[in-house]
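Handing you a structure now.
Note that the chains take the letters A, B, C, D, E and F in the order they are written out, and that residue 1 is the start of every chain.
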Amino acid sequence: MRILIINPNTTASMTATIADSARRVAGRETEIVAVTSSMGPVSIEGYYDEVFAIPGLLKEIAAGEKEGIDAVVIACFDDTGLDAARALADVPVIGICEAAVSATAFIAQKFTVVTTMERSRLPLEHLVHRYGMSSRCKVRAADIPVLSLEDPNSNARDRLRSEIALALKEDRAEAIVLGCAGMADLTAELRLEFGVPVVDGVAAAVKQAESLVTLGLSTAKRGAYATPILKPYRGMLEVFEPGRLSSS
Amino acid sequence: MRILIINPNTTASMTATIADSARRVAGRETEIVAVTSSMGPVSIEGYYDEVFAIPGLLKEIAAGEKEGIDAVVIACFDDTGLDAARALADVPVIGICEAAVSATAFIAQKFTVVTTMERSRLPLEHLVHRYGMSSRCKVRAADIPVLSLEDPNSNARDRLRSEIALALKEDRAEAIVLGCAGMADLTAELRLEFGVPVVDGVAAAVKQAESLVTLGLSTAKRGAYATPILKPYRGMLEVFEPGRLSSS
Amino acid sequence: MRILIINPNTTASMTATIADSARRVAGRETEIVAVTSSMGPVSIEGYYDEVFAIPGLLKEIAAGEKEGIDAVVIACFDDTGLDAARALADVPVIGICEAAVSATAFIAQKFTVVTTMERSRLPLEHLVHRYGMSSRCKVRAADIPVLSLEDPNSNARDRLRSEIALALKEDRAEAIVLGCAGMADLTAELRLEFGVPVVDGVAAAVKQAESLVTLGLSTAKRGAYATPILKPYRGMLEVFEPGRLSSS
Amino acid sequence: MRILIINPNTTASMTATIADSARRVAGRETEIVAVTSSMGPVSIEGYYDEVFAIPGLLKEIAAGEKEGIDAVVIACFDDTGLDAARALADVPVIGICEAAVSATAFIAQKFTVVTTMERSRLPLEHLVHRYGMSSRCKVRAADIPVLSLEDPNSNARDRLRSEIALALKEDRAEAIVLGCAGMADLTAELRLEFGVPVVDGVAAAVKQAESLVTLGLSTAKRGAYATPILKPYRGMLEVFEPGRLSSS
Amino acid sequence: MRILIINPNTTASMTATIADSARRVAGRETEIVAVTSSMGPVSIEGYYDEVFAIPGLLKEIAAGEKEGIDAVVIACFDDTGLDAARALADVPVIGICEAAVSATAFIAQKFTVVTTMERSRLPLEHLVHRYGMSSRCKVRAADIPVLSLEDPNSNARDRLRSEIALALKEDRAEAIVLGCAGMADLTAELRLEFGVPVVDGVAAAVKQAESLVTLGLSTAKRGAYATPILKPYRGMLEVFEPGRLSSS
Amino acid sequence: MRILIINPNTTASMTATIADSARRVAGRETEIVAVTSSMGPVSIEGYYDEVFAIPGLLKEIAAGEKEGIDAVVIACFDDTGLDAARALADVPVIGICEAAVSATAFIAQKFTVVTTMERSRLPLEHLVHRYGMSSRCKVRAADIPVLSLEDPNSNARDRLRSEIALALKEDRAEAIVLGCAGMADLTAELRLEFGVPVVDGVAAAVKQAESLVTLGLSTAKRGAYATPILKPYRGMLEVFEPGRLSSS
């Protein structure tokens, strides 16, 4: 089984963190193919960045399907482009927010997502609501830029810890979900430190992808995820014309 | 006052229909600037097309702001790119679905959106839910391609009429919302035919835009609509790097 | 276009404030007809007062329709008698709470209404819920009597400012809605002071009324807003018998 | 214990039906005081009639409290004036819709209210939602005028039966709530005919009133049900000025 | 009328408290039959204990029905085994949480349940949600073991008082519901102390049971409360085989 | 990794079907330990049966934990005893309804559970609501006894097919969830027949269990799933006293 994990931002060092987390939990017979998007923002912080991360993501999915991958994981916590990806792909597509929230629901009644920037808090609240968990899951922002997580001189990790402590106290969270793919390498130490389940979406999504493949399940094509209709696209985005992307 | 109305698909004939509808209701001192997006799909039917309609839309918004427009209307009923547009623009941005649903709520307790394609039904249901109207507003699809509305030989308008009749009977709809910008020219005759309020989102959005401008209100920048952060964008989408788009 | 704005309490000085706010935003071709109800309480603070403000309000609506007004605005933030008014009138009827909340939803994801008395807080929460905004909009009371807003010696305006400050901090409100018609004259200075959008329901309702009239939309009469059935009314309220009120 | 049951419409024959239903279930030590409102419409069908039924209702409550009644039942299924009545009265006030829906929730998971006129259906849906039962309780209208229930030559009762049959089949209702005080005398025969629990709101409200009195519970006065504030009322409604009504 | 009140834990001293509370409010013609379950935990604190309290409860219900009781009250605030009891019994079955919450809804818009242990808080929140009151009713735990309420040397009652004070202040609760059958004897003094309605579920349930019996209403058997199907049960629980329990 | 799958009814032939389904999808290094409960009903149809299936289930969990199993699957679609099991066990516990619904949410926006008996429909609707999926997932009953699925002479499978066809047409379901562990062996042929994803809860739960174990996640013990408190249990259920069960 080959699982394609796409980092939809264009920062390759974050892809390395993501791939490590994925490989730590992947099954023996699973091959993790981790790629960095070739176009778009270096980090995804809010609605605007998200838009420009999707074309590169979809390009990698089309390329992956041609090479026979079995499932796709989108490794950004705002589940960038998930709906369009499900319409495009024949294989199952997993967002790391959806996977993390879904897994945590099996082990806790109330939990909290701790993400990076305040401007990502409401978009994540919308996702949590859409995934049916708004009465069980709160979202907090530690007010740290995404890329500061990789900077050894920033205080990002300390702020993350403070926000987790608040979630445990004020939200009575029973478990914590790390709300950014770039936090994946912190999972083990935060579990130890806080003594509660800490969930990394990348790892959760890999297992979810393996599960769906083994179960023989993929996206239903009867509704809004029907394959895109062939039609002309104009201008610089012509290459993404349905049908053309896959065959390019 | 100048209102920029953007048809986010690349079919200029539909822009003409939209501009007509807009001008019919605009105030005497309002100038309607209607533009067709220069890149992306010729019609927006479902999640995939939507992605590729957004860059062209944002490009027109940035250009419009440089020229001093006062408000933006996005003239596609799935409110394509609304969140990113609100983050980008300093002036108010109005989606035609949001405007239509919001206006109808002042005149009816229960109403129904009749849209084109089945694959757009669930995305519109999500919008209606987000706008707080899911207990009052149903969504139906007449199963007609968007561009067939412009084809005099298609039976699209008959299918639309049949679906409206079903909405009045089965949903007990008190009013009908036309769920596609390309239906704007049918409003008057459908009102006459069915004897109930029929709402066109383009017209509703123009009045909403004028209202916000006169009220001196624009998008709050404290939360998720904060202006995009300056950062490098890579690849073919570099031109959309925050800051660069507006100054280009 | 003539818009009838009714102050449903019987305090004429408040009508003056309301009329000022309305005229500041009305279109050049709009005539604002502002009237004070001739019967009922001098201020509307809670459920009981509300009941006795409605007959006077409906009397003004009937009189206005005979004189050919094009739309009605009810200028009390609890949207006093809105449902009965919509059943009575053929022209569109706008409540200032509904208009304010609806307009704010176009410019902010999370916002807060700041009203006068604690006893009005829950009724407004019910309205906000009915308008579909309970997940986005909170309601706070500054604990100030309605008429104290007109008293230069009261500390009402200071308490209002304190509550707005709390809303911005604790609710993370992105915009503020002024929850009483009597606050309309404070809009401009509060915007300046707090640097966020501040929304006055009177102004919002005037623009909403103009919009509906221009759009050719009025209350759907198929459902619960069907015209009242002719039938005998007894006692001191006989004058309000359906049919009789309009022809008196 | 004395329970005041007020028929808020002005049709005395309906009060007789209501009083019979009340006395059939009242405890031995309960005295039922049934009164007909002295002002307002002869039947309450929709939002407009409701407004003009409330002053007469409140007058009877004030009179009743002066005479020492222990609880009030409002015998109209739209729970006319319930909030204002709770603010006015010191004793508990019960609406028959709230009582019926609340009692039925103890014996059935899914049930249906069958009411009279289509124009009352949505107002009752709002009540059911407010009482927390919208996921369990549907509302249907048999399309019969309220007073036709008293007319031996009308087919009102047959239409009621047909609608009950539909509720059992299409809604899978486990129990039926009669959605009009004027249906109270049909309860026994409908139970026999359909073999499911049939709930009459008048009877349910009497027992609820007795329960609250025995439990020593009455309306909390800390929130929106705080006693109305003393203030001038103007015009024909001056008699309802807070404080004055009770002492008149 | 005979009402069977079952204490589903096996602590007889708590049954005495419960019986006292029940008899204080029961009608003159009501006989209260209070029994202690003969099997299971000495107190019910959380999901696990609850499971083992249900068989003993159902055994008492079957025995009671053979002796002709008219209604059943389950006197534990987590409404232990309520669904199974309703399926088993032909007479109405009342849970004290459901009865308390339902009664309080008639006298307050916002209220708070104060229960014993933190581990019972979420299960009670689920109940409150199921009873349709989650937007009106909060749940707090005073962090006191159930049986400590009976221990004169514990500080349980002081902690209960502190939590009530917090509910009044932070939740703006208008009334308090005592969230444990073992608190029933505190009702009167807490009302006096806090000056707000304080509701005891045991008393509320007795009145609800009397009401349903007088109204001639019992559990609808068309849906999920249909009588259990005859079938073999194996092992130590064979005695509970449907049909066998009642006839044993 | 060893996963304990417990059939909580006492019909061993159904356990065989369940074990087959589980082994078909289990990872190479996963050992499936399938056991039949030794006490309780031969099938679980409704609330009453459910109660008596839980003690046997918990006994198997305690025994399994002593033998070092890594996760537990409860193989009955009403997720029998899930909350108590999570409180008891240190390892993760998975219900097949929760697992099926959760997995299907990754591949379809709207889907339908088709279960056996009408009396199980509402309990499953409650579960679906609790799992956050009530706006996306409907529940239908084919009106077939659980054990008839094993009877080659019954028409159970035909009725199941008819109900699936209705779900696809009337609910516009994009995928089907089989609502009974006894349907597991039908998955492959129903997929082929209907051409949509068909989800078996047993298989989904096995993969979910493997995922949680690999992710190092187990039930959070901070809230309502805290380990049961040591206390005396009385009567025939003494053996289930917390602490005693595990050590027996």
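Quick note on the criterion: a contact is a pair of C-beta atoms (placed from the backbone, for glycine too) under 8 Å apart; a residue touches a chain by one contact, two chains touch by 3 or more.
Just so we're on the same page, UniProt names per chain: A, B, C, D, E, F = Hydantoin racemase.
Just so it is clear, the model here is predicted, and its values are computed rather than measured.
Peer 1: Copy of E-F's interface among B-C, C-D or A-F, judged by over half the contact pairs being the same?
Peer 2: C-D
Peer 1: Over half of the interface residue numbers used by both chain C and chain D, so same, or under half, so different?
Peer 2: Answer same: the two copies use largely identical residue numbers here.
Peer 1: Taking each chain's centre as the mean of its CA atoms, which one is farthest from the centre of chain B?
Peer 2: E
Peer 1: State, to the nearest whole Å, the distance from the C-alpha centre of chain B to the C-alpha centre of chain D.
Peer 2: So the centre of chain B lies 45 Å away from the centre of chain D.
Peer 1: Which integer distance in Å separates the CA centroid of chain D from that of chain E?
Peer 2: 28
Peer 1: For chain E, jot down the residues that touch at least 2 other chains.
Peer 2: 109-110, 122, 135, 223-225, in rising order.
Peer 1: Which of the residues in chain A come into contact with chain B in the complex?
Peer 2: 10, 38-43, 45-52, 54-56, 58, 81, 83-84, 86-88, 118-123, 126, 130, 145, 223-226, 228-229, 231-237, 240-242
Peer 1: For the complex, which residues does chain F have touching chain A?
Peer 2: Chain F reaches chain A through residues 25, 27-29, 92, 94, 98-99, 102-111, 131-136, 168, 172, 174-175, 191, 196-197, 199, 203-204, 207-208, 210-212, 214-225.
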